[in-house]
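What follows is a pair of complexes built around chain A, which joins chain B in one and chain C in the other.
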Partner chain A sequence: MIFSSHENIKIAGISVAIPSQKINVTDYYTNFGEETVDKFSEMAGVKQTTRAIDEQTASDLGFEAAIKLFEAKNINKEDIGILIFVSQKPDYRSPSTAFVLQKRLGLNHDIICFDINLACSGFVFGLQTAHSLLNQSNKKFALLITADTSYKTLSPEDRTMIMLFGDSGSALLLEKKVTENKNNQFGLRSNGYKFKSIITPAGAFRNMDLKNIEEEWTDGITRSDYNTHMKGMEVFGFSITDVPKLIEDFFKTSSSQPSDYDTFALHQANQYILKQLSRKNKIPYEKIPISLDRYGNNSSNSVPLVLCDHYSKNENQNLRVFIAGFGAGLSWACGSIYINTSDILPIHITDNYYKEGKI
Partner chain B sequence: MNNLEKFNSIFAETFNVDSSQLNENFGIDTVANWDSVTQLSLVTAIEDEFNIMLDTDDILDFKTYSIAKEILKKYQIEL
Partner chain C sequence: MEQKFLENFKEILEVEDRDLTLEDNFRDYPEWDSLANLSAIAMIDDEFGVVIDNNEFKKLNTLGELLAAIKSRMNS
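== the complex of A and B ==
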């Protein structure tokens, strides 16, 4: 496990934006049959998700979340020295979407901008990276934006994924500030030997010859090589073996235990996995807030979404939050962060998109 | 309903088949809609019905009707 501990860096604000369009799992009755849908919903715990309109990219949602954050925090934007965008759905193949966001957000040239291509583990990896870079820089703030519109590469026929994923974006502001021994800490692991476990094979440069043709795969589901494919049982196995092991190792290394945390903002993979993590890591299930019932699995945004969903109405409560994300790569990460609930903003609903971005 | 009937009924409902179709060959390689979602739905229903929690290896091994029967024996469920 890569372990890092960061002193004197504070989470100064967090914000989430979602699209207005709501998709109920019952909308899939005609596609997959009532019984299949109901069983999926019961196991996964998903009743509804949100979905971006076609024109709206992941970065549009992240942008809107960042605007809300700036309005609430009223900071000098010249003090932001790092902008990281975490997503699997960039605006363009190049340049990094972080540059598009830099322009749209009106940030100056004295800044590091880049993208991180990660999904469900992305918030924790991005947060660890932002902490590390900010600590080594001469700037006061770092901005982490995570966003995904997973639906856009899913086959509509893929009953294992299409009802599960929701779209959203988040923005988080890190600030250099004396934190009085309240270090944010992270534990991270990666396993590229399983890179095919969750993969979108075409659309980049390894498989340029593949045509965008939908055909039946060996699992009986119709999809094309431009669709994202997940080896369900392999990823499930990873989620209930490697992830609890990391959490256990993190508790040991950080000398902490479940009772030290106020809440467990875990990646909302599916309800069954959350129950397994609760059981294996002895985390009381009632201390795991749930947002997947109304928003689904939101890839890298699950952790910020669950925080904004549950804590934005609480005022001035200091929380020690255990966070965890796991998915494509394979990659998995967890951490211990401190945040005051007055810095957690309510969920913003928007269908705005960047019209000038269309070429 | 005895345990075997409850067990069969969960399989039949999960895979949308008649109980008479359940036999030793009924499994992930022979059933068209047996995927990660149906397997987890199956495990969830079995755990709820018999009030047990399967170990990780057993959840992942739960890939045929006959293996499932063997697994339940380990949890003192008589079928």
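== the complex of A and C ==
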């Protein structure tokens, strides 16, 4: 496990934006049959998801979340020295979408901008990267934006995927500040030997010859090589073995235990996996807030979404939060962070998109 | 253990009204689909504390083969 501990860096604010469109799992009764849908919903714990409109990219959602954050924090934007955008759904093949966001947010040239291509583990990896870079820089703030519109590469026939994933974006502000023994800490692991477990094979440069044709795959589901494919059983197995092992190792290395944390903002993979993590890591289930029932699995944004969903109404409460994310790569990470609930903003609903971005 | 395993599998295959045997091929049942597969992995993890690797699972067909795989995993 890669372990890092960061002193004198504070989470100064966190914000989430979602699109207005809501999809109920019952909307799929005609496509997949009532029994299949109900069975899925019962096990996964998803009743509803949000979905971006066609014109709306992941970065549009992240942008709106960042605007709300700026409104609430009223900081000098010139003090932001790092902008990291974490997503699997960038605006363009190149350049990094972080540059588009730099322009739209009006940030100056004295800044580091780049994208990180990660999915469900992306918030934790992005946060660790932002901590490390900010610590080594001469600037006061770092901005981490995570966003995904997973639906856009899913085959409409891939029932467990299409009913599971929701769209959203988040923005988080890190600030250099004396934190008095409240180090944010992270534990991270990667397994590229399983890179095919969750994969979108075409659209880049390895499989340039593949046509965008939908065919029946060996699992009986029709999809094209431009769709995202998940080996469900393999990822499920990973989630209930490697992830609890990492959490256990993190508790040991950080000399902490479940009772030290106020809440567990875990990646909302599915309800069953959350129950398994609760059981295996001895985390009281009532300390795991749930948002996947109304928003689904939100890729890298599950952690900020569940925080904004549950804590934006609480005033001035200091929380020690255990976070964890795991998915494509395979990639898995967890951490211990401190945040005051007054810095957790309410969920913002928007269908705005960047019209000038169209070439 | 065999009894518990077969009883739990009845629920997964939704055949509560009759008994299963170790010779039964679970893949032949109409209720066996990806969700049933997830339920089986989860049930084995809950009841026996082991997770059968997906590549190994794919090669198993009868309940007896699956039970043998669980036992060998429990002993390793």
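FYI, the second predicted complex is superposed on the first by the 359 of 359 C-alpha atoms of A that agree within 3 Å, B and C clash if a C-alpha of one lies under 4 Å from a C-alpha of the other, contacts with A are read in each partner's own complex, and residues count from 1 in each chain.
We take it that a contact is a pair of C-beta atoms (placed from the backbone, for glycine too) under 8 Å apart; a residue touches a chain by one contact, two chains touch by 3 or more.
In this text the structure is predicted, and so the values were computed from the model without any measurement.
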Three-chain arrangement built on chain A, chain B and chain C clash or fit: clash
Touching partner for A:272 - first (chain B), second (chain C), both, neither: both
Contacts of A:256 with chain B and chain C, given as first, second, both or neither: neither
Partner chain in contact with A:43 - chain B first, chain C second, else both or neither: both
Chain touching more of chain A, residue-wise (chain B, chain C): B
Which of chain B and chain C A:4 touches, first, second, both or neither: neither
Touched partner set for A:236, first chain B, second chain C, both or neither: both
Common interface residues of chain A - those touching chain B in one complex and chain C in the other: 36, 39-40, 43, 160, 219, 231-233, 236-237, 240-241, 272, 276
Chain A contact footprint on chain C (complex, rising order): 34-35, 37-39, 41-42, 45, 51-55, 57
Residue ranges of chain A in contact with chain C within the complex: 36, 39-40, 43, 160, 219, 231-234, 236-237, 240-241, 272, 276
List of chain B residues in touch with chain A within their complex: 13-14, 16, 32-33, 35-41, 43-44, 53, 56, 59-60
Contacting residues of chain A [partner chain B, same complex]: 33, 35-36, 39-40, 42-44, 159-160, 219-221, 231-233, 235-237, 240-241, 270, 272, 276, 279-280
